[in-house]
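Here's the structure, in structure tokens; my notes come after.
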Amino acid sequence: MLKVGIVDTTFSRVDMGMIAQEVLTRELPNVRIVRYTVPGIKDVPVAAKKLIEEEGCDGVITLAWVGKTVTDKISYGVASMSLQLVQLLTNKHVLDVTVHEDESENPDELAKIAKDRAAKHAKNLAVLLLKGGEGLQKFAGKGLRQGSSDVGMIE
Amino acid sequence: MLKVGIVDTTFSRVDMGMIAQEVLTRELPNVRIVRYTVPGIKDVPVAAKKLIEEEGCDGVITLAWVGKTVTDKISYGVASMSLQLVQLLTNKHVLDVTVHEDESENPDELAKIAKDRAAKHAKNLAVLLLKGGEGLQKFAGKGLRQGSSDVGMIE
Amino acid sequence: MLKVGIVDTTFSRVDMGMIAQEVLTRELPNVRIVRYTVPGIKDVPVAAKKLIEEEGCDGVITLAWVGKTVTDKISYGVASMSLQLVQLLTNKHVLDVTVHEDESENPDELAKIAKDRAAKHAKNLAVLLLKGGEGLQKFAGKGLRQGSSDVGMIE
Amino acid sequence: MLKVGIVDTTFSRVDMGMIAQEVLTRELPNVRIVRYTVPGIKDVPVAAKKLIEEEGCDGVITLAWVGKTVTDKISYGVASMSLQLVQLLTNKHVLDVTVHEDESENPDELAKIAKDRAAKHAKNLAVLLLKGGEGLQKFAGKGLRQGSSDVGMIE
Amino acid sequence: MLKVGIVDTTFSRVDMGMIAQEVLTRELPNVRIVRYTVPGIKDVPVAAKKLIEEEGCDGVITLAWVGKTVTDKISYGVASMSLQLVQLLTNKHVLDVTVHEDESENPDELAKIAKDRAAKHAKNLAVLLLKGGEGLQKFAGKGLRQGSSDVGMIE
């Protein structure tokens, strides 16, 4: 039985954790899900690591919201690098999903991006956990996008 | 009994360490607090690590002040990445709180930001230490902010 | 017998993994190839590490596609740093091949860059795996380029 | 008896190592000082690590000079991150002191900044080594600066 | 007897590896030199690590060429950080020499920079290997430059 972790934040303006939970429950019927909520993006990586090492999760999806200042972008880079380290230290996938406030001036549009991205990446994680590195191979080079429509392969 | 570390700097223009200490003492009545003051942001991470490894702290809050030059921003990124490493090496939360001089031209406004942010994140740390990853779950996606008013969930 | 890993993404708009596979098969006749497809660039490093550690690959080529926003550039840096760590942790070459959407406004030109770069770096990996650090020595300082024509040595 | 390391560079335009040595000798009367001179900033971290691990230093001060190009800033970030790693790997303070050529157009002013900063941080290191994390606590939040006058607490 | 590694690239437009080899052979008469040529800057760090760990080199000089785009600058930072890690993991000096295409519009000038920088840093490495951290102490703070004339001490 698979066990999957979800990390989300109180900084986020959309409850992406709930969306990911719904998709994972649907895609992985007997999955056990453990959620971990932290204040902001810089608190996410240690939570993901604890979910893998202390809770035994087979994979994690993290859902964060990033402001638009230079400081926010630096914090994004720092948190994202740290999520890389979590993956390399555990050899588990941690899907690092972020929504950035500079993606749209319009809050409704941001919410739409957040929901689409959280749902599609939750599904991606389900495929990786069920089928490994071959599960997405038929989509290699297909220009898939999360948060918007796919752009497709060139030609 | 919980033991919590506070790292602050002589570079800071507000005594955020004192504010954090007051909040932690109120929120965690029998807490033992260990403070560690360093010159500036780049000295913070090793102090946080020593508080966890040499003093046995269960969690740490660090409170730093960041100048407005490009060099200051790089130093912020470096220190923040290093605080990520402290967390990953110890599996403990280290709340990395910073105030940036480019957040306001007005020193009084900066002081107000610093006080609000230090207090709210001290409370966040208390919740994480008392209740783990479930303690903040009811606020997931609620658009909470530290240093200013909450912006709320979209919709 | 050599075993080589290929990591590619569903974000990419060109099937660079297939091109790399063709070149590696031609250059290393008895090679065993293992492919691993992930959603995007931040999922690549752990896949490369798993191919080396869990599948026993002697070397890996990763093929990713990078958007043009500041966030994309940060993600590139993060993923690329993580691929460095994979190499340092395993002492194996991982050729980190990326195509960036700001390299051309023209999708056809991007596809051409992608194909040329994937093919040339697959060949580079074959030389490194067959001949080690001496295999490319005759081209040292020759201004070779992948994704475009060679620029040549100065003088 | 304390043993302190000093790392400086031939790239620097001021002999900051000598200034640090004078201050450390005055502040820590029986201190043993080991100096290590390297070409530039990217050679500093391994020297600091060797001073701690091979020479047994209890703490180190590094004194570097940074040019004004984008490349110089990247090199600063890289070296500074590496000095963080030295600290985390050894649990020793390494005070990472840098003077940046974009701090002033005037060489005499740069020299003045360099001297003030080297002297004040050498003293900071002495306090940390003698008194630990409590030694600087009375200055927490006081707006101390190295390289210029203190700016003071707000209010 | 000293053993020194040289890593260079096929991306470079000047054969800096040859220059370094000549200088090292002259400065360290009985030195054994091992060369390792890779495609580009991101392939350099693992080669340097292999030269130290698998070939037993006492020190390494790496010689790379960096393009002028933002992507190139990120790749520089990534490779340079990785060379820091090689040094920290081995406690050996790896002199990280790079020429950047934005240093001059003129290819002949770039070649001149590359030759001067490679030769001077090869000599620096020889001094560090022969005399340790004291060998360059008489030049501390003297404003030495590689790739151009020395700028000298201020005053």
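Read from first to last, the chains carry the letters A, B, C, D and E; within each, the first residue is number 1.
FYI, a contact is a pair of C-beta atoms (placed from the backbone, for glycine too) under 8 Å apart; a residue touches a chain by one contact, two chains touch by 3 or more.
Note that the structure is a prediction, hence the values are computed from the model and not measured.
Common partners of chain B and chain E, by the touch rule above, are D. Where chain B touches chain D, under half of the residue numbers in use are shared by the two copies, so each contributes mostly different positions.
When chain D is fitted to chain E on its Cα atoms, the angle of the rotation, on a 0 to 180 scale and to the nearest 5, is 70 degrees.
Note: centroid distance chain C to chain D, computed from Cα atoms, is 40 Å. Chain centres here are Cα means. That of chain A falls 25 Å from that of chain C.
Residues of chain C found to touch two or more other chains are 77, 81, 85. Circular chain order, beginning with chain B and continuing to chain D, reads B, D, E, C, A (contacts as defined at the top). Of all residues in chain B, only 7-18, 34-39, 42-43, 45-47, 49-51, 53-54, 69-71, 74-75, 77-79, 81-82, 85-86, 89, 107-108, 110-111 touch chain D in the complex they form. On chain C, the positions that touch chain E within their shared complex are 66, 73, 76-77, 80-81, 83-85, 87-88, 91-96, 98, 100, 102, 121, 124, 128, 132-137, 139-146, 151-155.
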